[in-house]
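Below you'll find the structures, each written out as structure tokens.
Next come two complexes, and both contain chain A; in the first it sits with chain B, in the second with chain C.
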Partner chain A sequence: MKYSSQMVAKPYFIFALMLLAGEILFGLTMSIQYIYGDFAFPAIPFNVLRMVHVNLLIVLLLFGFMGSTYYLIPEEAERELWSPLLAKITFWVFLIAGVATILGYLLVPYAELAKLTMNDLWPTMGREFLEQPTITKIGIVFVVLSYLLNVTMTVLKGRKTTISIILLTGLFGLAFFFLFAFYVPDNLVMDKFFWWFVVHLWVEATWELILGALLAFVLVKLTGVDREHIDKWLYLIIAMTLIAGLAGTGHHFFFMGAPGYWLWIGSIASAAEPIPFFLMILFAYNMIKNRRIQDDNKMALTWAKGTAVVGFLGAGVWGFLHTLAPINYYTHGTQLTAAHGHLAFFGAYVMIIFTMISYAMPILRGRPHGNSAKAQKVERASFWLMVIGMIGLTLALTVAGVMQIEMQRIPDSAHAMVFMEVQAKITPVYIVRSLFGVMTLLGLLTYFYSFFVKDDKKVA
Partner chain B sequence: MNKTSSIKELYPPGDFTIWIVIYVELITFGLMFVGYAFSRRADIALFNNSQLLLNQTAGFIDTLILITSSYFIVKAVNSVKNARGEMIQSANILASKWLLAAILFGVIFLVNKLLEFSAIFSQGIGLSTNTFFMFYLLLTMFHFMHVALGTVVLLNIRQRTKRDGYSADDSRGIETGGVYWHLVDLLWIVLFVLVYIIR
Partner chain C sequence: MSERITKDMARNIYFGGGIFAILIFVGLAFDSVHQIPKLSHTENITKSVVAGKKIWENNDCVGCHTLLGEGAYYAPELGNVFQRLGSSDETTFKAYMQGWMAAQPLNIPDRRKMPQFHLTPEQVNDLADFLIWTSKVNTQQWPPNIQG
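Right after this comes the complex of A and B.
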């Protein structure tokens, strides 16, 4: 570790991993509810579980991004963080607000939570991913602002690199687009527009910049390839991401009351969205092929390659499967969407956080050359357990989606089966999905265990 | 052997990454062209009638403007590509003049297009009027953005001819911009024939 203030990243990483464990546990519980409808009911109904599952995802990724930034920025800027104290305060404020909100979801009925937090004064609750009470949303704005201030001041006072500028651009975009969460028009179509301005422009535009910058940082460190070379790739990837991603917002405006031209804009632009992900694979493998140093932290490289490949599969291939309007007409909101969502979020975002953690954590824990070979072996097992678990889960959901489309969507209304009947038919597939979910959880537990594997006595 | 490797270095001209951009652009526009063709087949009369409302003369002038500006780019690239030693400075002065001509033609194209758009909009035509005009507006506006970007790229390249300049050993930047400008030109030629002419 070059700068002592990079240490503030550690609690962010640890908490992000704890949230990921919660994320998987809630997901697994829900997957059991798909098989036994009243499992854990009335203690935790499906809608609450789902809300916690998607909210935890957002919060864990934000913690992961923040930790990654606090680790990366001092090294890129070649100076200590502007205010390590502020970063620590931000951590605790965000943690307390996050935990309180999740507990609110779990312990109080949602309508009650809305009343308690005086949602009627400024109604923003009730939209998927953005269910947080208005007060929490305001808290998030403050947390993000203090984080941006900290990071921006560090960059302004220090060295400016392509990686840090692109990361900052992504973070400012993240902050800016979140503001649309505060505007809930009465008109349902308008409401959807503004909702997607947050959700889509996060996931398929600004976050991809963050992803690109983090991946580039790890590759610079582990391969020793010239920055000039890496920067060029990064520019290409983010240019394509922004063009395809911004216009690709149109693929959410299908069949929701928006004008018909969105069918064309959305289909064509989002057909181009897999391209930056494919470039990311070329980028990662090319840099690794031309590497000038052999870093002992092999696992960080494995995660980096994994991010590029699984990100492309989940976001690119599974996204493309149902992004063209004539196909989306049948697949909209089926389990196929869930399949895409799971592998995309895991491959692109959870895995880049694993990449950063696997790269940075050993250094933060006083092991500049990475974990011991034994620990890396355990970590490699956890990598495959999680990746195979998630791909298996995605394939199961894809089969479930296709069955759902066949029975519920394609037949005319006289012959189509109703939603619940179809779900009952899919039960065997849901069992397979749950088993792969268990595998993913085991993978994460194995990952946790790798932190406690003792150093090898024999140093190679 | 030697000759082969030097040819390999010369081609493709420009930076490797611009070729990735070009392929992606060709695929994207290609998809739109194919979409246009299929939609047209579904309602030929609508497309033919709507097409009559377009200003073909303006479109033809636009085509000439872009082709001519591409010629200026070729002259600019050629003037610096063989420049060595003392020739470099004068070659860059010449290149900057050719580039200025290309930029001016790019700007004229943009103005011409804006006039065309305002004429179309003043008739109350928009993206939702019908499928033909949706394609016409999407394609021409998307292409418009490319010309605007290309003009900015050329401006940057021209700035560089005024500072350290290009030479036989370092002509990659100007070639990259030139290749992009030719792409924009090529896309327009297909677009013009497909949308304005073919009936």
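Right after this comes the complex of A and C.
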């Protein structure tokens, strides 16, 4: 560790991992409700489980991005963080707000929570992923602003690199597009239209800039390839992200009341969305092939390759499967969407956080050469358990989606089966999905265990 | 291929392509905002439809159902429930909704459960009006059939 203020990243990483454990537990509970509708009902109805499941994901990724940034920025700027104290305060404020919101979801009925938080004053609740009470959303804005201030000041006062500027661009984009969460028009179609400005322009535009910058940083550190080369790749990746991803928002506007031209524009633009992810694979493998240093932290490189490959599979391949309007006409809002969502979020975003944690945590814990060979062996097992678990549950959801489309969507009105009957037929597949979910959880527990493997004093 | 591209060229592609993409997207977004009121029949949004949307949100209905294909995939699509279960008739649909909402949760072992939301008959009426309005949005002929 070159700068002592990088240490503020540590609690962010640890808390992000704890939230991930929570997310998986809630996901598993939901998957059991899919099979036995009475499980945990009425204590926790499905919508509450889901709200917690997806909100934990968003919050854990934000914690992960913040931790990663606080680790990366001092090293890129070649100076201490502008205010380590502010970063620590931000951590606790965000933690308390996050925990209070999750408890709110679990302890009172949602309508009650809306009343308690005076949602009527400025209604923003009850929309997918943006379920947080308005007061929490305002809190998020303050947390993000203080974080941006801290990072921007550090960059301004220090060395400016392509990586840090692109990371900042992504973070400012994240903050800007979140503001659309506060706009809730009475017209449902207009509401949906701007809701995608948060959701799509986060995950398929601004977050990809963050992902690219973090991946580039780890590759600079672990391969020693010169920055000219790395920066060039980074620019190409994010250029394709914006060119395909912005107009690609149109693939959400097909069937929700927006003009018909989105059928064409959304299809064509989003068909190019796998390209930046494919470039990330070329990028990672090329840099590793041309590496000038042999770093002992082998697992960080494994995660870097993993996030490129699984991100491409989940976001690129599984996204492309249903992004063309004539296909999406049949797949829209089926389990196929869920399949894509799971592998894309895991591969592109959860895995880049793992990459950063696996790279930075050993250094933060006083092991500049990475964890011991024994600990890395355990971590490698956890990597495969999680990756195979997630790919397995994605394949199960894909089969579920195809069955649903076959029975419910393709036949005409006289022959199509009723939703609930179709779901009953899919039950065996949902059981397989749950089993792969358990595997993913075991993978995460193995990952936790790797932190406690004693150093065997041998350098690999 | 990348050997022939320099960092400066890559940066120019990023700025040029990025600005081009932003302009196209913003332009189309403006046009969409202009067209959506017609495509969704904004003129038919009554007080009751607005109140119904609030009830939809305040009870997180989207946490189980999809509406025009967006939401969770645990429970049926409701964008065309007016046609499917109300035979496109207001009186039939509203009577159905009152009965359905009062009967939750259904006592069928292991069937997925819908919670009891304790809505007043007036609130159920608003919710029904919201779903009726939604069912008339121009969705480019989606869903493919009545089952949603």
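Note that in this section the second predicted complex is superposed on the first by the 456 of 460 C-alpha atoms of A that agree within 3 Å, B and C clash if a C-alpha of one lies under 4 Å from a C-alpha of the other, contacts with A are read in each partner's own complex, and residues count from 1 in each chain.
Rule of thumb we're sticking to: a residue touches a chain if its C-beta (ideal position, glycine included) is under 8 Å from a C-beta of that chain, and two chains touch if they have at least 3 such contacts.
Please read these numbers as outputs of a predicted model, since none were measured by experiment.
Once the two complexes are overlaid on the shared chain, A:Pro259 sits against chain B and chain C alike.
When the two complexes are overlaid on their common chain A, residue A:His332 makes contact with chain C while staying clear of chain B.
Look at A:Tyr183: by the touch rule set out above, it reaches neither chain B nor chain C. Once the two complexes are laid over each other on the shared chain, residue contacts for A:Asp412 go to chain C alone; chain B is not touched. When chain B and chain C are set side by side, the one touching more residues of chain A is C. Of the two partner chains, neither chain B nor chain C is touched by A:Phe142.
After overlaying the two complexes on the shared chain, residue contacts for A:Lys232 are found with chain B and with chain C alike. With both structures placed on the common chain, the touch criterion links A:Ile268 to chain B but leaves chain C unconnected.
Under the contact criterion defined above, the residues of chain A that touch both chain B in one complex and chain C in the other are 232-233, 235-236, 239-240, 259-261, 265. Within the complex, the chain A residues that touch chain B are 232-233, 235-236, 239-240, 259-261, 264-265, 268-269, 271-272, 275, 279. Contact residues of chain B toward chain A in the complex are 15, 17, 20-21, 24, 27-28, 31-32, 35, 127-128, 134-135, 138.
The residues of chain C lying in touch with chain A in their complex are 2, 5-7, 10-11, 13-14, 17-18, 20-22, 24-25, 28-29, 31-33, 35-37, 39-40, 42, 45, 49-50, 53-54, 56-64, 66-77, 105, 109-113, 115, 117, 130, 133-134, 137-140, 142-148. Per the touch definition, chain A reaches chain C in the complex via residues 30, 33-34, 36-38, 41-42, 45-48, 50-51, 109-111, 114, 119, 123, 125-128, 131, 184, 186-190, 192-193, 228-229, 231-233, 235-236, 238-240, 242-243, 245-247, 249-250, 252-263, 265, 282, 286, 329-330, 332-335, 337-338, 408-413, 416-420, 423.
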